[in-house]
């Protein structure tokens, strides 16, 4: 992992932007690992900044919960830990987390029931 | 698939409840396929009804979008089609769908970057 | 897909063995597609023959149902169709299929609940 | 995790039922984590009890092995540890476990070969 | 799907760049679908252009084959079809495709064997 | 895990072959775990040896990177650690690893965008 003091200028620029946008002085291990490839670091951060920020049609907390839903489905321990932490900071209550988990669990179950029973798509769902 | 007219009483009861709760006269192919196993049909419907309905900490549209996020991650074509249809009925705009897809795509990307770089969980994310 | 009449000798040998072992004159599309790579065709068939045949600690029908459980979890439409067909020929009843699906659905749900809640492995489960 | 002594009555009821049905005085970490959401705790336990118990078309040990097959395919460490432990208690021998793993490994391989070669479903497998 | 003639200027700009970079007059369905969200269309194309183009440490054909390996593992039919087509244009022979599939199949098998046997990481593999 | 000194003859034969082919005196934990089932140990090793060795249409390093791409997509920690180690020994530079990760991340993202947007396969990609 590459710490700020050891980082080349193009990495420091990204670190500085992360800290400014997120109003924090902490850089996650994820970014410190990606910093080995400054091109991917920058592209990933620019994408995350564009996608996860405020001002869109979905509020930031909803987007954090969607991130958790995907990360749980993919069994990604790091991502679950970091985005659950972010969502809690963003206002996710215990009740909201409980319901989020219930939906994720249920969706994973019915995804497989649908597939196992080889259910064909209803005609009316094709007119999306 | 088991149609209403051919369904035994314990299946008709579930179909009736689905139509009453959802205020529709249409039964999805999913339920008609599950009807081959009335025990699973009932349990699945009761769970869905409990989890996806209104009155919780998350609104129904947010829950539909979480369902889509999981279904896309699992590559379940039927589930994507049916829940996208449900979400659109529930008020999901093109802008919301676009942002939902952007988050799901990004989360799937960073889930793998994290894993491939073998990033360890930050100490502060462990105090969830 | 490579039909018997068009197949080179090393492919015909495998086709002949499949038909002899399975007591059928039908070759699945899977083998006809794999036949483009005779080395993989032979290795895959030899492995399948060794793993799925009778005489082991698990009976062939149980193994077919395990195959279905994996294929459903992976959302592999072809594999679900072909192994469900094989399992039905091997004696899987509607009741057995219904319970198989129920277990697969439930396991997919709890796999995600466990992960989302970041549950740590009980000490006693580590003494396997 | 919520221990018995700290649990509210609706959680204790579920814990009591788990211990009675499983004839044990031990509650897994999974249930102690789910207890943060008593509604999900109860629904999940009622479903598991209905699906995994004796008296169905599949015996309990077969169902445990199906659970393992799904959990391995999903890479869920906790679920593999806990259900392997349960299956061993239920009579799974080393030979059975070895064959279970062989089938799961093979199914995961051929699922991808089928998909990569874009194999179409045989007409005869569509008459399920 | 949004055709060129119906596309707003910001979409046409991306279409023009795709056709220029790829030296073709054909726009894939993927881009025509993404065009409903011009922001995601542009970000995705800019990322693909940066990642998949020539001049890096990996040659473009190797990158196409890596793309196929991921797409097969994810069971994404569209992606397999489009990237297999691209790889064939880029020089992938039948032999190369056969070996690619063999590796992907084997990796999917051993990924699950490792997980099912709960194998711990060798000390020496931790010093990456 | 079964060490060499404790291994029965049929396991030692495989261990000897692994060490000879790989020109090492080290046996990975993976093989020591599989050794509990000598039939699977032998079949898996013979397959790996056939698939991953030199002399094919793809060079060994490309195959190691394909293995990593699959293992990352499957979130298999052990496999990522062991094959990243092997690829580095085989000549994978930091730049190559960075590009490999970028492709894997991007492919995982677009696989889901394609699926979520329900994109149909272009006619021209069907003529593979």
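Labels for the chains are A, B, C, D, E and F, by order of writing; each one numbers its residues from 1.
The definition used in the following text is that a residue touches a chain if its C-beta (ideal position, glycine included) is under 8 Å from a C-beta of that chain, and two chains touch if they have at least 3 such contacts.
Because the structure is predicted, anything quoted here is derived from the model rather than measured.
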For this session: Chains touching subunit D and subunit E alike, please list them.
Result: A, B, C, F
For this session: Note the shortest touch-path length, in steps, from subunit C to subunit F.
Result: 1
Exercise. Looking at where subunit B touches subunit C, is over half of the residue numbers used by both copies, so same, or under half, so different?
Worked result: different
For this session: With centres defined as the mean of C-alpha atoms, identify the chain lying farthest from subunit C.
Result: A
Problem set entry | Identified repeat of the D-E interface (over half of residue pairs identical), from B-F, A-E or C-F | B-F
For this session: Would you identify the chain whose Cα-based centre sits farthest away from the centre of subunit E?
Result: D
Problem set entry | Where subunit A and subunit D are represented by their mean Cα positions, the distance between them in whole Å | 28
Seminar exercise, completed: Taking each chain's mean CA coordinate, subunit A and subunit C are separated, in whole Å, by 34
Problem set entry | Geometric centre distance via CA averages, subunit B-subunit A, whole Å | 19
Exercise. In subunit B, what residues contact two or more other chains?
Worked result: 36, 39-40, 44, 47, 73-77, 81, 84, 98, 100-102, 104-106, 108-111, 113, 115, 117-118, 128
For this session: Would you tell me which residues of subunit B are touching subunit E in their complex?
Result: 75, 94, 98, 101-102, 105, 118
Problem set entry | Contacting residues of subunit F [partner subunit C, same complex] | 39, 43, 47, 50
Problem set entry | Residues on subunit F engaged by subunit E in the complex (per definition of touch) | 26, 28-30, 33-34, 36, 40, 44, 47-48, 51-52, 56-58, 62-63, 65-67, 69-71, 73-74, 76-79, 81-82, 84-85, 88, 93, 95-96, 98-100, 102-104, 106-111, 113-115, 117-122, 124-126, 128
Problem set entry | Residue ranges of subunit A in contact with subunit F within the complex | 36-37, 39-40, 43-44, 74-76, 128
Exercise. Within the complex, which stretch of subunit A touches subunit C?
Worked result: 68, 72-73, 75, 77, 80-81, 84, 100-101, 104-106, 108-113, 115-118
